[in-house]
Structure formats: structure tokens, C-alpha cells
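Got a structure for you, questions after.
The chains carry the letters A, B and C, assigned in the order they are written, with residues numbered from 1 in each.
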């Protein structure tokens, strides 16, 4: 019994020490973020060192964070919200949880189509949703557009993850925005018919399945290929090597891109720090860390992407306002349910 | 009885325990009630869409999953519990505690590990390759694989509860049965299995609550269950209201399960009271060949639920260790341990209070409704989080308005986190406590009271020493559960607190499963310490009394 | 009021009034008396003593102990404050405490706890056992520890719940006298529950008979035996044969129609002259050591079972009884 009490006291002490040092300190910044990459932690650390501003990180999925912010209301300690897709930023914006901010530095760095029209959020990094195809079995000339994926020749060939995944939802939202609801539904059901198997696993698993001949095409985000190729697991590297990247819709609307972005919270207690933080993230140093270790495309045009990304070449991006992705997100999900894309 | 009479009776029977019980019930059910109140806001606009297209699928998959899991869990849990408590065979002692270990592997980690083992160029296909059957592959990423993965990480709940029962089982019943010409194995099915049913079901209810609640494994394996549906309506459709609506349906199902279990137990009182008096059984020594079989049978779940995933994790750690390891892991491990220890203590205390206040209270209606306090286990962590956030923010805002504080003091502090954990895991602590307290002959506490000791003294002198084992297993189960817990921790934890589960999630959600192996392995190691401790205690207790 | 225990109009039901366990019980027990509560299982006797001990709450009525109201619809004194001692059916000894610790447990006076406990253990004849643990004792010894534990705090009322039901016949007989000698010695008012009338007849000053939650008779032992108020009471004290129409014709004893008649088995005589006699054919004999059981067919075809210690020879006997032994009840 005594031992247990000692342990209990020690536990309280250890935990107490940790949560107590969160003192009143105006020079701090509370970051609600959906990103949990190692490169981010490195960036956060650097920012703290350079600016002397202490960061409080709350790491959870964007939806939970949005819900949390809306419950917290005016008392919300959140200063900025970072998400891994534009749709969530749109959702936060439409729930009136963000505020406009401006900085000439930010304006000069970020291209127009990668930020909110009302200046409530900006993109930090770009990722493209592309087709990874088997080098062995497929020739790049056979590929053209997302729309082409519904054609007969791809029957039992397409690998793609579940429709619960935001990247698939954004892709379909894009198609809704570009082509209208009916053709989007036709497209989704066409893809379902051509699927090599019921959707499961994550993007890496789709590529591995291509490598193991379960299908020929995988719809994936670019940076996962980069990560596969740099994996410690030699099987993953091989899987990465077995595929090539194809940027669809180059002749038409452009390849679907999404951004991981950041917005300033409506009730941010430290708005100046927030803007300073965003500026930090957009400058060359930070952007090259994003690009270097996480294989995302930097939004800052002055920063070169990682070598692997460069080797795939430049591509034409779809310039649709990213807020549209959020706007049509729900419709996209409903279509997925209707056509049975699990 | 007329109304006045009823009133006097109520006034007489309303003691301070009733009031305290009401208080505890109120405190632990605030989040659940909050969610209940949210129902009046109505579901989101996609509700009809869900009814039309997906609800049936969710119900079907969840039902099948629950069914498959029940079968596998009973098969593994009860068989092994029966063998280790009834027979003597090589490595029995070691297997007895090894069988608890799978509990320490979080279900989503188990899911990743199995996908790794049975994936392309995974351990399994390498093994097959060594035998020259290169192309043979078992697909685990479907509902059957999911059932196996969940069962294998959860069957120890049933193992623990049924073994406790078997150990306390009188030999004379079995001897009587064998005298009647019924073989050991037939006796098992005819006699022991029906008698043990309440104990098995108590464990099974915990398993089913976890199964229904699982998100990580199901979504990775692409099986749409009720809980993935809850997440989908919140995250993908952006309708927390609809998610809450779906949770409420899930809650009703689970409430049904609890009522069912209660109904199952209605005869337990007299069976257990007589049973515990007898001496503990001496184990039978079967034939050599059978002994070997028993060892093998008991090792299978240990292998599937612990050895295999741990091997996979070790392979991954070996690949990624140099990149992932930082000194920070030591402090994260300590913090995880600290939080789990602190919260498990609080949870067990609350469960204990709930149990004994219920007993000391004299109002019938309250006695029956105290079970409502443990419903939190059935609710997905994130929904609990909403249920906790709303009232705690309300209090915080009130305090700020009254100028008592200047910032949020509950929200994003340890208080709110521990509170949410307690609400979530009360059931895990309550079940073993309840069953171990039911085993104490009621006349023991009665006689203490007649001898002039009040409720408190009786508790400390008589009941507490006798339910110590139950108390410990309650503590350890909660401890392990908190160590593994994810969604609640993510959203409720104080900024600078970090746990192993959060760390492993960060890697896994970034599809860096092999990097997630290190924190996962640390979770398992941390959970191991009390799990082994628990077993020693159970054994000691069984041989003492 | 002279009585130590005073119970009036006591009722209790379970399951929201669905099962009526006790229905309007009223009785007193005087200082120093031993009162037995007898009834079939399910007659409410255990509920009665649990109510007296305070382990259940009554629905209506009142309980007074030493002229203090301890339970009513408005008041319920907790068991620990009632000054009641109790010996439980299975003794309920605390398994993790030694004999001495068990006995010391309930003693309030803090100075001489140990001495009081040792004295009480001496009283029950268990000197030298204080360091043992309950599971190291025989059933009889456990019984005595339970008694010592209940007596040590010197309660006003001692309750015993089926005190001898776990003991074999020999032990039971010996212990019964021992236990009640001890109780008489301490002068405590005792109430004990039993389903065995032998216990009650042997030691009780007064016997209460419960049937379906109702008090059907309360009397001294001999009065109860001689003048049972119903066939239920009569049959609790040994096999009793109801004299129905068929038997009445067989024995040619016309009895009044408006009441119920019965005869105790031991009042039946074999091959002797008495008021009413019938010829009977022996269908079956069962040898029971000192006596034997006979299944008889009377001359009008009625069957009757008799236990007798007379040596019976032949196929037919004469069976009969005297009119003074006939019991009559208003029913």
C-alpha cells in the first residue's frame, strides 16, 4: 500500500511539473495543428529560438480542433489553426472561426490561388494528387486525365484508398466544381467499377499493391512517393521504385492540388505573434525544410522542391479557388456514399 | 401504499450515501447528459442521406464484427482460462501470465503489425517463400482480419474474468459431475460453462464496448463500422450533430448490452456465495501427449496476440531506431506512466465510491440506476471529449465572467483530462470491482455492522482487505487502457504533456508506421510492468484464501 | 413496557410490493427470555430477524428495543447503533482475522477489549484458540467463536439465524444445550430462527410460528404442542394426519363438520384397545432401526402411513387412537 502511495505522489509530481510551467506569458502563441510531421517540430523549435515566443502546440485532427475552437468561443486560446487541406480551412472560415490578416511579406510570397480571397488563411505547402503507375505494365501514353480513369481499359486496375480520406474528397469536390454534380457522380461510380479491390489501407499501401501486381494504377499524393523512396524499409523503397508519377489533366484543367495551410483564429489573443509565425513559415528557410524533409511542394516560388519532386518535372496546376474544395466537400462525400466508394 | 407513506419512507431511507451517490452519478454522467441534450438540436442535414445509404451497412458490419469477435474471444479466452486453472501442463505458470499480455498492445498497433506481417514481402510471405510457396498470401485487411485483430488484442478481458471464476470454482461440483459418469470435457460444457456464463459475459461486455468503439483498426482495414461512420459524419460531412446522433444510437445498443448482462447476472448472488467457501481445486494431470497439446493451445493466442506483433514491431524499430530515437522518449514514457497511474488511481477510487455508495444507499431506484454511471466506455473518446468540453468550458467562462480567474483553468489542463478519462474508463474499473465484491458473503458486512461498525469502518476492516485483488486488477486494466488511449488524449491534453500513444499516432497518421513502432513498443513495455504484477497478485490471492 | 423487544404491526415486502415477506407481525419478548421463530422456508423468519437487526428497512409498523424506537416508517436506526448481537447462519467469521481479532472486533470499551474478549472465549470454552484463524477450526468451534463474537459487546438482544443447521445430528444436540446454557448464563434476551422444532421445543421459553409472513401462533413450548391452532402448526411438530371423511368412516368416528381434525402420528396405536379402531392390511414395511414405518390399507380402502416401535407381525393389524388425542382447529 505504501509503495502505491509513493508511486502516486511521484506521478503527481512528474505530471504536475509538466503542466505547471504553463504560466501567464504574453509572449506565447497557441498553435492548433493537424500536421504532425517531424519537420514541423524542428520548425517550431527554430521559431521559438529565433523569436523568443513560446509555442503551445495542440495536435489533433482539424475537425476536432475546429469543434474545440467553436466550443471555446471568445475564450479560445488558439492563435492559429494549421490544417492539411484547404477544405478544413474553408470549414473553419465558414463557421466564423478565422479572421483576416495581412502582411506585405505574405502577400509578396504566396501566389493568389493558394490563399483565401478574404485573407483569412494562406497555404504553406502544396501536394498534388497524381496517378502512380506500374513502370513494368503501363506506358505513360496510356494515361491522360482523371476522367479517363473511368474508361473500360482500367477495369480491375485502379487502387485507391477509402473515401473517408480528405484527399479523395477534395479531388471529387474539384470535379464537382469543374464539371458539375452529375458528371462527378458518373466519374466516381466509374472509378468504383474499375477498382482492383475494395478501398483499404493508406496511400503507401496503394503503391505497394501496385508493386505487387494487385492493380496497375494508384491514386496517391506526391509526397508519399517521396517518402517511400526514402524509407528505411527496403521493401518500401522497391515499391516506390516500381512506379512512376503521372500528372493528369495537363492538357485540360491541370492536376488537382491541395494545400496544407494556416489561418489566424478569430479570437487570437496574440495576433501579432500569429502573423510573425506565418511569415516565418513562409520564408525560404522554413519552406526549404518543408520541401526537403517532407517532400511537399513549397508555396514560396523562390524555394526549390526536393530533388525527387524536381525529377518528376513541372506540371500545370488546377487553379480553382481552393475554398471551392471545402464548399463541395459534403456533396462529394454524399456522392461517394451513393456510388458505394467505401 | 399511500403517497404520504411513500414520502415518509423516502425521507427515512434518504441517507447521506444516497446524496453522495447522486452527486457522483451527476458528476460522471454530465458529459453523457450533455451529449443527450445535444440530441434535441436534431441531427445534421445529411441524416436522411445516412439513413438511406450507409446506416444499414454500419449496422451490418458492426453486428458482424461483434458476432465474430464474441466467438473468437470466447474461444480463446474461456478455453485458455479453463486449461490453466484446471490442468497441470508444461509452462502453465508462464502461460498463465503471458495470456494477459496481448492487452498491452493497442488495437490499432495490432492492426498495423498484422498488415505488416501478412502484407507483401511481410514475415508471412517470407516464411511461405522459404517453404517454396512464394505466391501464397493471406489478406487480413477485411472484416475477418479485423475481427481477428480486435479479438486477439481484447480476449484477455474474457480470459481474466473467466479465470477468476474458474479458480474460485469448487472441485466438488466437478467431482459430482464426474461421478455421474460425465467426462471432464463434457462437464465443462454441461456444468462449468453455464455456471461461468455471468463471468464470461462480464468480460465480453467490455470487449464488445471496445470493439464497437474501435476506430483506428477499422478505418485502416477499410471496414465501415458504426464508429467509422460517426467519424465520417463529423469529419467528412462536417456535421458533429449527426455524429452525436449516431453515438446516441450506439449508446442505446450498449445500454441494451448492459441490461442484458445485468439480467444474466440475476442469479449470481446465490451461486457465488456458496462457491467461494470451498477449497481451491488441485489441478488435474492429463496424459503426456495431452499436456503438450494444452501447452500448444494456450500458446496460440499468446503467439498471435503478443509474440507476432512484437516481432514485427521489433523489426520496424530495428529499421528506424537511429532516426526516431531521442532522449525525449524517456520523459514521454515517464509522463505517460505518470498520467496513467494518476488517472487509474482516481478512476478506481470513483468506481469504488460508486459501488459502495450504491450499496449503502437504501433507495431502490438509485440502486438500479447506478449502472448508468459506467456508460462512458461505450462512447467514442472524441464524443466524450465534446461532452466534457462543453460543461468545463461553461464553468471556465463563468469563472472568467465573475473575475475569479483570467484564463481557462479546466480546459486543456490535467483536471479536465483526468475527468474525461474517468468518465470514459469507469466501466473498466467498475466491472472487476463489482464482481469481486459480489463474491464476498453478504453476511460478513452484515455481521460487522451488527457488531457496531459503521459503513466506513466495515469497508476498511472487512470489505477492502477482501476485494484487494479485484481492486488491483481494476487498477491495472484502467492503467493499460489509459496508456493506449488516443482520441481523448489528443484533444484534451495540456500543451506540454506528451504521451507515447500520441507520439505513435503522429507517426502512424503520417503513414510512417515503422517509425511508430518505437513508441508502440514502449507502450507495451510500460503496460507490461503492472500486467505482470496483476498476475502475481491474482495467483497469490487464489492460493491464500 | 416490560419487554426488551417490542414489535408491533411489522410489515415488509420486496420487489416493489410484489412479494409480501411479513404481514402485520406483533409480539414482545421479555427480558432474559429465549424466543424461537419457527416456520417453513419462505415464511418470513429470516426477514423478521434482519429487520430487527436493522439490515433491512420495514414498510410499516414499529420496532422497539429496550423501550427505544429503532425502526418505523419515519426512523431507521442503523444496525451498528441498535445494540443487537447476531450469530449468522454460516457464522460469517472474518476470514482474514484471527479468533481473538474476530471477538475483539465489536467490543466498544477501549480499555479492556482484550480481557473482555478472552473472558468471552473462556465462556464458550475456546480458551487457547485465540491465535487460530477461522478456517483452522471445526464447524462447532466456528459456531462458538461466532457466539463469543456476538456476546462480547454485551448486546441487549441476541439474534441467532439457523444456528445449528450446518452441524451433524450429534454435534447439534450437544452444542444446542451448550449454547443455550451460555446464553442463559449471560442473561441476554435471545431470539433465534430455526426450521427444526426440536431445537425450539428443547430450549425456547416461547415459540413464534410464522406462515406466509403472518404470525399464526405464539405460545410456550408445551402449550404449543398440546394445543396447536392449525394443522400447519401441528405438522411442524411431527407427522400429523388429517382426519378427512374417508378416515373418519374407516375409524367410525363421526366428527363435527365445521372444523378440521387431525391426529398426531405418535398418538396412533397398534394392536391396542382404544376409542376408535380400524383393521388394516400392511402394504409395505420400512425398517428404521428403533422403529418401523408401515404403509397401511384400511378396511374401506384408505391409505395411511404409520411409524411405530411395536414389533408388528402378520399381514394385518389393528390401528386406532383415543378421542382425547384428536386435535381440532377452526378452519
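Things worth noting here:
Here is the rule we go by: contacts are C-beta pairs under 8 Å (C-beta built on N, C-alpha and C of every residue); 3 or more make two chains touch, one makes a residue touch a chain.
Everything numeric in this text was worked out from a predicted model, so none of it was measured.
Of all chains, the one whose Cα centroid sits at the greatest distance from that of subunit B is C. When C-beta pairs in contact are tallied for every pair of chains, the largest tally goes to A-B. For the pair subunit A and subunit B, the distance between C-alpha centroids works out to 34 Å.
Here the CA centre of subunit B is 49 Å from the CA centre of subunit C. Each chain gets a centre from the mean of its Cα atoms; for subunit A and subunit C, those two points are 82 Å apart. Across the interface of their complex, subunit A is touched by residues 46, 49-50, 53-54, 115, 119-121, 141-142, 219-222, 224, 228, 231-232, 234-238, 240, 316, 319-320, 323, 334-335, 337-339, 341-342, 345, 382, 385-386, 389-390, 393, 396-397, 400, 406-408, 411-414, 487, 490-491, 494-497, 502, 505-506, 509-512, 514 of subunit B.
Those residues of subunit C that touch subunit B in the complex are listed here as 16-17, 50, 53-55, 57, 59-60, 73-76, 78-82, 84-86, 88-90, 92, 94-96, 105-106, 108, 149-150, 153, 159. Put simply, subunit A touches subunit B in their complex at residues 4, 7-8, 10-12, 14-16, 18-19, 21-22, 24, 30, 36-37, 56-61, 63-65, 67-68, 71-73, 75, 77, 91, 161-164, 166, 169, 198-205, 208-209, 211-212, 224, 227, 231-233, 235, 239, 329-330, 333-334, 337-338, 342.
Per the touch definition, subunit B reaches subunit C in the complex via residues 1, 5, 8-9, 11-13, 277, 362, 364, 441, 443-444, 446-454, 461-462, 465-466, 545.
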